[in-house]
Amino acid sequence: MTYRLRSSRRALLQGAAAAGLAAGLPLGAARAQGPALKIGVILPRSGYLAQAGQSCQRGVDIAPQVLSDLGHRVEVVSVDFESNVDLARTQAEKLIADGANVLVGAFDSGGTSAIAQVCEQKAVPLVINVAAAPQITEQGFKYVFRNFPTSVMLVRNGLSLMKEMFKATNVTPKSGIFIHANDTFGQANRGAIDRLFPTLDMPFKLVDAIAYDPRAQDLSVEVTKCKASGADFVIVTTRAGDAIRLIREMVKQRYEPKGIVSPGSPGMYDQEFYDGLGGYSDYTITNLPWPNFNAPITKRLGEAFAKRFPQARFGVDAFNVGFTFEAMLVAADAAKRAGSRDSRAIAEALRSTDIADHVMTGGTISFDAKGQNNNIASATVQNLKKTPTVVLPREAAQAKPVFPMPGWRGRQA
Amino acid sequence: MTARNLLLGLLAVLIAAPAVIGAYPLAVLILVLHYAYLGIAWNVMMGFAGLLSLGHALYVGLGAYVAAALYASFGLPALLGAIPAAIVATLAGLGIGALGFRFRVNGVYFALLTIAFAEFTRILFDHMGWTGGSSGFFLPVEHGQLNPIALRGPPVLFYYVALVMTAGAFVLARSLMRSRLGYAWLAIREDPDSAAASGVDVFRARMAAVAVSSALTSLGGVFYAFYYNNMYPEQIFSMARSIEIILAPIIGGLGTLFGPVLGSFVLTLLGEGTTGLLEHFGWAAPGAKQVIYGLALLVIVMVQPAGLWPWLAKRLRIGRDG
Amino acid sequence: MAEALLTATGLSKSFRGLKAVNGVSFSVGQGEILAMIGPNGAGKTTCFNLIAGAMRPDAGEVRLAGQSVTGLRADQICRAGIGRTFQLVKPFAGLSVLDNVTVGALNAARHVAEAKERARAVLDLLDLGRKIDEPASSLTLPDRKRLEVARALATGPKLLLLDEVMAGLRPTECDRLVEILAGLNRRDGLTILLIEHVMRAVMKLAQRILVLHHGEQIAEGSPEAVVRDPAVLDSYLGEEAL
Amino acid sequence: MTVYLDIVASGVLTGLVYGLMALGLSVIFGVVRVVNFAHGELTVAAMYMAWVMAGSLGVDPILTLPLIAAALFAIGYALQRHLVEPFIGRPEHEQFMLLLAVSIIVLNGLLLVFGPDARHVAVDYAYDSFELGPMLLDTVRVYAAAAAMVLALGLYLFFRFTDLGTAIRACADNLLGAQVVGLDVRRLYALTFGLGCALVGASGTLMVLMRDATPILAVQLTLLAFIVVIIGGLGSMAGALVGGVLIGVSEALAGFLLMPSLKSLFSYGLLILVLLLRPEGLMGRRA
């Protein structure tokens, strides 16, 4: 499966022209058929972040075709920085040296920050698909645009959705406990919860906060500690594989909280979560931005995904694929509005981005002075019959939220 | 072809390089020089004094955090911040060295001791609030400013800083190797008992080796802090970085002066070259590059365990320790 | 007898109950050559190691030129003025012959250049002048023995401890080494304490002989007297033989 | 109060699993004195094998254990015979580089073949737990702990009472002596490395019941195995279990009383103390 989609320009132009005519889509004013926008994508496809990196890469692989249907001609060059900060820098320089007009990436906050500095020096815009560390947009970069919520936004949206869920099911837990991986994302969420929880007058008391080592061999002590705290509501921020182990331990220790909710961390909507837990994966909840499946663009993305990756489920990859595609959409849209492939012009255009119909939930995509998109909304996504299903907000809901969640007994693995 | 003019030739090429090469090769060369420098620093302890340290990322991390914290909270420019950074790292090194030598921990056990201290410190920094814990420590990024003293500026500034550091470390290592202390190290590496019988204070010489090595390595950490402007305990103290530091000197040639430099060039070019080739042929599946990189390491270690430089030096008929 | 340079009193050392050295006392006069002989396992090398600081004595005292050096580290004793060789030669295999001896010479030189000069002189003295740039690992056994002596000499010792340096040498090489050592003793007044089995060398070099057996002194005196002493013969040939 | 019972029980169980996981290293490191830095990677390879076998045969992985142990034995034997043998007696850093290269190849080979997603083996008792008085003991880990003790006992008997075992111990104690009395050290080392890897196969098969197979697991397992083996004592089978339990319980208590993320701080602290004060470990003989 080639990753370097440097297919010859001729083939691409034919594809775009044919798609445009066939779909009868108005191509807009016939732009001069200049060369396609060159997007440099940089992701951790190997190393310890390989699982998330490759999930985002699936979004990159289907983006050119979907974007061409929307009248954007893009050429994609993908590189792997192997979850290693040193390589993030050199590969970013390589992409720019190879003529990339705009960069998209990079999932890992350390790598993203290193890439941001390269882009700033080279005046090439970086559109961040996924990376939560707030500091990235606090360092005064003029060429960095993040269409991804900071951990503070994630937690604020996550906590308010929890309140909405309590109202919708008029069931309110008495005491909650927050258990998180002691890594970048987990620590950022911890900081956000410590700051926001008191201000949002949540209807339950936060009894304790437990940090665990993502490298730990087993999480039985952590779950025992949760059970001992007597909390009937568990908020989790995990890395991909940890969520499975946490739930498994809860089942073994017969700990049955009313709800298990994540304010936006990976883990409880990955395919391995359903494979690993089967029926026990049901009723767990993640509050995070999610694709708005009613939007036509999301449908088209889903069809392209199904065609290209028949064995994978779009619903599960939707978070990484959705945000990665949106980052490329933002870049292509800016290039179209700028009418040029010059990086500075694209950066200028990016500042006035205003995209109404896009994949993920939330208002129009636009960036504030620091390059942060503040209109990203979260949805409550509950696992029902081993499928991530939007249950809140009501207008985007595909089913009603189930809260409190039924006990473990009677569910086969 | 004497060693001297080969080295001077290389230095001249490296000085002129930024004028001719693009940003990507420049970034690669910065990485090459950074790991050549760290390789020379590590080699002082292993190549000269025979002490296998597998936790050298500890000193990189300490150097980075101390210098960055001083800059962030007191605005102390990098070059000044480097002094307390080196002092802290040296104290840590001396502590580990003293414990290790006093309790006669040697060989594999000493290597495991260094790993244990590095991991111990990583977890500590993961929990230290005032350095940002595991969510990282970010330095304010100045845009378009050139201030060499504070290590603020474009990549080409960092290139020349890395070049000066590497050349300086090379000259320092060369003079040390020819000094009284250098002879003591080489004797200890070959046979500690015989060295003692010849009047070498083995404990003090080993402590000196650890001090020099940890101090030099911490300066590499200061460079890292101001080049990347962010640090995460999980990345800067990681076992992977400690391993990355020892690859160049071992593959290049242990106990030689030029080994770490050659090793760093070869390994970095091997890495970037493999990536390029794989992408060219469209086989760039994730992990493929590392498998080839691993195979290359395996072949080199089995065919030429003494390292590439001694083999190359024989070919070019240069003095072995040139 | 010239006033004593080295005095050992009541030296004892045991390994898990086995008394390797048991209350040995002797002294070596300034400028004297004393040989220490005795069957294998008599405790000779252990005695050497106690004096040279490679091992700490369980009991007893060692004084060099009136100063106590008991229990000091090997490098401190070397700096105090005792150079030693090892029974199983321990060269710095990876270093050149010159560097091997320079390491020793640094003990008696202010800076490296001076040490190198000194090393070259000692190497010439021991007929190793032509091989100074070769790695020590490539030397033959006789050359390694000479290298070991050269390194010990280069430290500028008042007292030289030689542990079976003649073992494995052909008679001509043995005589040559004896000639060099005798010359040093005559010319520079170098005091030598040597352990040796090659009686040919002992008889030529030693002014006095000390005999050890089962960790204890059983005889001491001039070479001629000691060789005929019945107790010594018993220790070598075993009691039943008579 | 019962919560402390739970914690300690869980610590003991986890500790025995640690011991099981480190047994292979104790044999290889203890006898062949080679720093097997590819231990974690080989364990994860065994986990993947178990996943493939259990998947294709549709059977409980424990039944495939002998098969996988045999496969790993062959791999270990070949590794020693062709790769490691020339490095016996060579400086540690060369051995380290050799096995580091092997670990890089194995780790990324697995990533290439199986991809990064965690692979899971479903067994019906995966979620059961035994009730022992007030305590809930996780079934899977009880099985693994039992296997650990059985394997350790088997190893002890093998080394103590069989000729081959005694010969291998002779090599460990005095390599030269063993050669002098005519032992074919090359073959014995190859057998030992094979035996060590067979144990890795066994522990990998059981590990896949507790943790899903994913490449990034490897480095953690390697470091943990070294901690357990050093603390427990080299070459001592019981040492690996005792070391494992000591770490398991201390981690559990530290995790519960202080903060779970500080767990491994204690294991590394313990490792430092043991390296300084008793390098031969709790159960090992003075080297």
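Residue numbering begins at 1 within each chain, and the chains themselves are lettered A, B, C and D in the order written.
Rule of thumb we're sticking to: a contact is a pair of C-beta atoms (placed from the backbone, for glycine too) under 8 Å apart; a residue touches a chain by one contact, two chains touch by 3 or more.
These numbers come from a predicted model, not from an experiment.
Applying the touch definition from the top, give me the chains sitting in contact with each of subunit B and subunit D.
Joint contacts, listed by label: A.
Looking only at C-beta pairs in contact, point me to the busier pair out of B-C and A-B.
If we tally the contacting C-beta pairs, A-B comes out ahead.
Taking the mean of the CA coordinates per chain, how far is subunit B from subunit C in Å?
A distance of 44 Å separates the two centres.
In whole angstrom, how far does the Cα centroid of subunit A sit from the Cα centroid of subunit C?
77
Averaging over Cα atoms per chain, report the distance between subunit A and subunit D in Å.
37
What are the residue numbers in subunit A that touch two or more other chains?
As it turns out, subunit A has residues touching two or more other chains at 46, 50, 53-54, 182, 213.
Could you pull out the residues of subunit D that touch at least 2 other chains?
Expected reply: 108, 111, 116, 259, 261-262, 264.
Strictly by the criterion at the top, what is the full list of touching chain pairs?
By the stated definition, chains touch in these pairs: A-B, A-D, B-C, B-D.
Which stretch or stretches of subunit A touch subunit D in the complex?
46-48, 50-51, 53-54, 182, 210-213, 215-222, 224-225, 228, 240-241, 244-245, 248, 251-254, 270-272, 275-276, 278, 280, 408, 413
Flag every residue of subunit C that touches subunit B in the complex, lowest number first.
Residues 52-54, 73-76, 78-79, 84, 86, 90-95, 99, 102-104, 106-107, 111-112, 115, 151-152, 155.
Spell out the part of subunit B that touches subunit D in their complex, as residue ranges.
It comes out as residues 46, 52, 54, 99-100, 103, 105, 107-109, 111-113, 115-117, 119-120, 123-124, 126-127, 239-240, 243, 246-247, 250-251, 254, 285-288, 290-291, 293-295, 297-298, 301-302, 305.
Taking the touch rule as given, give the residues of subunit D at its contact with subunit A in the complex, in rising order.
Residue positions touching the partner: 3, 6-7, 10-11, 14, 17-18, 108, 111, 115-120, 122, 124, 126-129, 136, 138-139, 141, 210-212, 214-216, 220, 224, 251-252, 255-256, 259-264.
Hey, which residues of subunit D end up touching subunit B in the complex?
35, 83, 86, 90, 92-94, 96-98, 100-105, 107-112, 116, 219, 223, 226-227, 230, 259, 261-262, 264-265, 268-269, 271-272, 275-277, 279
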